[in-house]
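To start, the structure under review is shown below, and the notes come after it.
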Amino acid sequence: MPDITAGTARFRFDRGARGPDRTAFYARPVELAALLDRIADDVAPEIGRGAVADYIPALARVEPWRFGMAVAEVDGAVHGVGDWERPFSVQSMSKVFTLALALSRGDSVWARVGREPSGDPFNSLVQLEHEDGIPRNPFINAGALVVTDELARHGDAADALLAFLRRESGRQEIAVDLEVAASEAGHADRNRALAYFMASYGNMRHPVPSVLDQYVRQCSIAMSCADVARSALFLARHGVRNDGSRLLGLSAAKRINAVMLTCGTYDAAGEFAYRVGLPGKSGVGGGIVAIVPGRCAVCVWSPGLDARGNSVAGVAALDRFTTLTGWSIF
Amino acid sequence: MPDITAGTARFRFDRGARGPDRTAFYARPVELAALLDRIADDVAPEIGRGAVADYIPALARVEPWRFGMAVAEVDGAVHGVGDWERPFSVQSMSKVFTLALALSRGDSVWARVGREPSGDPFNSLVQLEHEDGIPRNPFINAGALVVTDELARHGDAADALLAFLRRESGRQEIAVDLEVAASEAGHADRNRALAYFMASYGNMRHPVPSVLDQYVRQCSIAMSCADVARSALFLARHGVRNDGSRLLGLSAAKRINAVMLTCGTYDAAGEFAYRVGLPGKSGVGGGIVAIVPGRCAVCVWSPGLDARGNSVAGVAALDRFTTLTGWSIF
Amino acid sequence: MPDITAGTARFRFDRGARGPDRTAFYARPVELAALLDRIADDVAPEIGRGAVADYIPALARVEPWRFGMAVAEVDGAVHGVGDWERPFSVQSMSKVFTLALALSRGDSVWARVGREPSGDPFNSLVQLEHEDGIPRNPFINAGALVVTDELARHGDAADALLAFLRRESGRQEIAVDLEVAASEAGHADRNRALAYFMASYGNMRHPVPSVLDQYVRQCSIAMSCADVARSALFLARHGVRNDGSRLLGLSAAKRINAVMLTCGTYDAAGEFAYRVGLPGKSGVGGGIVAIVPGRCAVCVWSPGLDARGNSVAGVAALDRFTTLTGWSIF
Amino acid sequence: MPDITAGTARFRFDRGARGPDRTAFYARPVELAALLDRIADDVAPEIGRGAVADYIPALARVEPWRFGMAVAEVDGAVHGVGDWERPFSVQSMSKVFTLALALSRGDSVWARVGREPSGDPFNSLVQLEHEDGIPRNPFINAGALVVTDELARHGDAADALLAFLRRESGRQEIAVDLEVAASEAGHADRNRALAYFMASYGNMRHPVPSVLDQYVRQCSIAMSCADVARSALFLARHGVRNDGSRLLGLSAAKRINAVMLTCGTYDAAGEFAYRVGLPGKSGVGGGIVAIVPGRCAVCVWSPGLDARGNSVAGVAALDRFTTLTGWSIF
C-alpha cells in the first residue's frame, strides 16, 4: 500500500472573471486537506475491492490498490491525497469534456442524442434500436460517439479535447496513452457495431473508422486526479474557464451538470444521486469526477470497479465527502 | 380565462426548529409575489395546451385553462398566483408523501423497491418482469404500490397520509375526492395487474384489493397548490416539519430529493432535470411539486399534459421560475 | 421403478366418417406396441431427470419416476406402455382442446389473440405490453385466458371442456382434480396479473375472477395418456371426432396443428420442431401431446421437466418415436 | 400486365437414387400446370399490392406487377406460370442453401446459432444482446452471417453457393447481380453492425469485411423461380441432390425444413405456418421458396411486400396452392 497523505497546490484563477457566490459552511483550504486525509483513512477498507477492468490488457495491468483524490476549488486552490498526481486512463470521464466542447459550438448535438437515463447498461444496442438510432444520452457509448462525430465537424475531436485539457489543467504533458489506445482499437468491435448501427439510421456524419479512431484516442488520455479536477472546474463555475473566459453559458453549464446527475454513472445514476448527491461521471479506468456547483470539482481514482462499472472506493470516498461537508446538491 | 393575480399568505413556522441557512440572492417575499405574476404572464400561451387526462371521467371534466402556482418559503411565507388555492387531484404527487411517511418508519422499504430511473413509461410491467418483481423506484406505480403496502403495516395508508397533509397544510378540509376515487377504482385494472404481478414474486404483504383501495384513495386526495407546497416544505428543510419537529433525518430527506430528481417525472426525468434543474414530482391531475433545498417548496398546477404525462404549463412555469431566480440545484 | 410393459386397447371409431388415407410404411398395430416397449427402454435413463414442477404443492408431490406413453391411431386402436392409463394433471395441454372448442364456435378468437411464437417465456407480460394486450398466441397463458374468456360466452368453459374430453375418451370418470385446482387458485397471482392487464386493454369480456376460475379448473383436469391421445385424435383426422362427426373444418384443424408446431412447447418450439418434427403441446404436469396428421395422436408423460418446462423423458420419447417411425411431418 | 400462362419443363432426375414415396391424391403433371394457371388467376388481384423493397436503388427498380411461380417435382418435372423463368434477386432465400451447405460439412454451426423463432424483426440487435451474441436462428440476418462465416472456413462462401446452385439448377448462367451487390454493399451498415456486435462476443471467425462481402454477394444472386425450385428439391427429397447423390442425411434435411417452418418468414412464421402450412423461406426480392416434403419444391415471386417483408402475392399463391392440393404438412 502506498503512503497516502494529503497535500495542497494552488493554481491561478483569474478573479477578474465573475465567479459564483461561495458561502462555505464547512471547509477552509487547510480543512479540506485534513478532510481528504480523513476520507482516505475511512475508505481504506474499500481500496482494492471490486474488479479492475480487464477487457483490454493495457487497463488490466493497473495496480488495484491505487487510490487518489483531488479537490479543485473555484478560486484555484487544489488539494489532494494519495495518488492524486499520478496519471490514469480517463476513459468515459472524457465524455463530459467532449460534450462541453460540442455545446460550446452550439446546440445541434441535441438533435442527435437524448437526455434521458438509459435504464440499460452503458453500451446497449437495445435502446438504440427501440429509438431509431438516437442514443438516450451523451454519456452512454453510443451517445458519446455521436458527440465525437459532431465535434469532428470542426477538426479532430481528440486533438481538440487534448488542447482543452492541457490548457485548463496547465499541464502540457497530458497525452493519449498510445498503448491503451492501440489496445482499445483492437477491442472496439462493440463500439464499431454501435457506430455502424447509428450510421444505418443516418445518425453518423463522418466515416465510422475515423469517428472511432478519435473516440478511442479521447478515452485513452491519461490524466491525474488533480488534472481532471482542474479541467472540470468550469462546471463548478457555471461555464467559466480557468482563465476567466466563458466556455459555456450559465444554462448550458448547469444542464451538463443535470445530465451528469441523471446519466453519469451508467445504470447506477439513481443510486449515485441517492448516495452521493452530486453530478458525477465515472470511467472504467476507475476515475470519477464530481461537481459541487459554486464550490469545487472533485476527482477520485481507484481502479477496482463494482458490477456496474463504477469505482468501489471512488463512490465510497465521494459518499464520505458529501456526508462530511454537507455539500450535496439536495 | 380566470383573473390571475398573485397573493401572499403566511403561516406559522416554529423558528425554534433549526432551519437551514438561507442566502437568497434574488427574491424577498414581495419580489416572489411579483415574480409569480410575471411567470403567469410568461406562460399564458402554454396554459390550456396539451391533453387533460381522460382515462377516468372525473379527471376528464377538469377545466383545461386552469393555472395556479404557489411558493412556500422555509420560514413560512406562502405566495401564490392564479388558481393557487383551488383544490385539484394530486394523483402521483401523493407518492412523495407516502414515501416520506414510509421512510419515517425505517428503511425497510428499500429492500422492496429500487432507486433507479425506469427508462420505461410509468406503469410498465416490462421492467418488473426483468427484475423479478422489484420495481425500479418508488415513483412509478408499481413502486408506489409497494410503498403503500409497506405503510399499511402501521394502519390504513391513505388515512395516515391525510392526517399528515392536514397537519402540514393546516387545512382540515383536505379530503379524498370520493367521485375521483370511485372512478379510479373502476379503472384500476392495470394497477391491479401490477400488484398481482408483484404478489406473484412475493413482493406484496397485504391482500391486493386492500392495498389497491388505499392506493386509489391516496391518489384521489384533492389539494390546492398552497396546500401541496406547505406540505412539502419538510423536503426543503431537510426533514423538519412545519411544527419544528423532525419527520426524517437529514440524509433521508436529501435522498428523497435525489429520487425525485432522477425519477419524479416519469420517463422525462432527464429532460426535467435539464430544463428545470430541481427535484420534482408530477401527477396526471396536472400538478407538479418541486423543491429548492434550503429555500422553498413550489407547487404548480395546470391540467393540460404533454405526451409523457407532465403538465405543459407547469413545466414551463418551473422552467421560468428557475431561470428567473437562478435557483436550480446545478 | 414400475414395470413398464406395453399393451394395446381398442375403442370404437365410426368408420362411416371419412378418415384420411393411411399409407403406413412402418408400423402395424402389433409393431406399435413393440415400438413403445423399445422407446420405453431407450429413454429409461432420462426418466426421473429434470425437476418436477413445484410451484404448487399438489403438483410437487407427483412421483418423478413415472413414465407412460400412448398412441391412438385414427382407426381407433390405442397402444400404450408404462403408466399410460394413470391419470396426471394435464395443465397446459388443455389449451389445445379449449382452442379447438372455441374455434368450433367460429373465428372470433383470432381477433383477440395472435398466432406467432412468443420468443419469451410462457407467462411473459413483456410481450403483452409491447403489443397492447393482444397475446402472441393461444398457447401462452395470456392467450389461453383469452380463449377461455371467449369460450365462456357459451357457458362455463371448464364444464364444456370436461364434456368434450369425456365423450372423446369414452371415460366419464375424467374430472377436475379439486386439490390441484385449489392449489392452483391459491398460486394464480401471475395469471391474475395477466388477466387484469388484458382487461386494462379491453381484451377481457367476463370478470377476471370468473375467467380465472374456469381456467384453473381446465388446467387441473386429470387424464391418462390414453385419454389424452384419444381425445386429440380429431387433430390427426383433420377435424373429425371419434363419433365420426366433424368438430372443425379441414383448414381449422390443420391450423391448430400449425399453431402447435410453432408455439406448442413454450420457448422451445423451434427446438421441438427440429428434434421431434411433430405438432405438440406440453404441460408442466409432464405431459406432451403430439399429432401425426393422418395417422395418430400420441401422448407421453413423465414429470421431470427441463429448464423450459417440457418433460425431459417425454421429449426424448417423442424424438425416438419419430426417428424410429420416420413419421415427422418434414 | 404480362401474359401469364403456365408451362411445363422436365429435367433429369437420376432415378437410381432412392426417392421418397409419392402418393399424390391430387395432381398429376398435367394437372399441376393447370393448377398453376388457376392460382395465377386467383391471385391476380394481389399482384402489385404491397411495397417493393426500396432500401437499395437496384431493388427498387423492379417492376411491381411481376409474378411467377414454379413447381419442381421430386421426379424432375418442373411446371411454371407467368415470369417463372425470369431471374430476380434471391436475397434471403439464399440463407436456406448456405445453411444446407454448412450442415453438409458438419454440425458445428449449431454451436454458434440457435433454432428458435426470433419474435423480433429479422435484423434485430435486441435479441443478440439478450443472448450474448448467439443469433436466434440461421434465417435472421445475424444468423446467416454466422453461417457464412462458418462456410468461409472452406473457401469463399458465395462461390461455393454459386457452384451448388448452378449444378442443381443446371443453369451455368446463374450469377451475382453485380449492380445489386454494389448497392447492397453501400447500404450494409446494419449488417455490419450485427457482424461487429457478434465479433465483440467472439462469434465471428473471419474479419467482418470479408464475411460481409461474401454475404452480400450471396444475397445478390439472381435466379428464376424455376432455378430456385430445382435447387431446393434436395429438401423435398430429404437430402438427395438432383444427381442422386446425398447432400445431407435424412435428419439434417428434415431439420432444415423444421427451421424453415418456424423461422423462415421473419416474424410472420406463425402466420405463414397457419395459412400456408409448408416450410418456406422468403426474401425481400419478393421470392418465397416452399417445400412439400416427399413431393415437390415450389418457388413463387412477386415483388410487392407486406409489412413483414414477405411477398403479398407470393403468400397468397402458396395459400391457394396448399388449399387446392391439400398438400400442407399438417
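Side notes on the structure shown:
Think of it as A, B, C and D in the order they're written, each chain with its own count starting at 1.
We adopt the following convention: contacts are C-beta pairs under 8 Å (C-beta built on N, C-alpha and C of every residue); 3 or more make two chains touch, one makes a residue touch a chain.
Note that the structure is predicted; figures quoted are calculated from it, not measured.
The most distant chain from chain C is A, comparing centres defined as mean Cα coordinates.
In terms of their C-alpha centroids, the spacing between chain A and chain C amounts to 57 Å. Note on chain placement: the centre of chain B and the centre of chain C lie 51 Å apart, centres being C-alpha means.
Taken as a graph of touching chains, this assembly is arranged as a ring, one closed cycle with exactly two partners per chain. Of all residues in chain D, only 21, 23, 25, 114-120, 127, 136-137, 250-251, 254-255, 257-259, 261-263, 267-271, 273-275, 277, 279, 293, 323, 326, 328-330 touch chain C in the complex they form.
Considering their complex, residues 124-126, 128-130, 189-190, 192-197, 199-200, 208 of chain B touch chain C.
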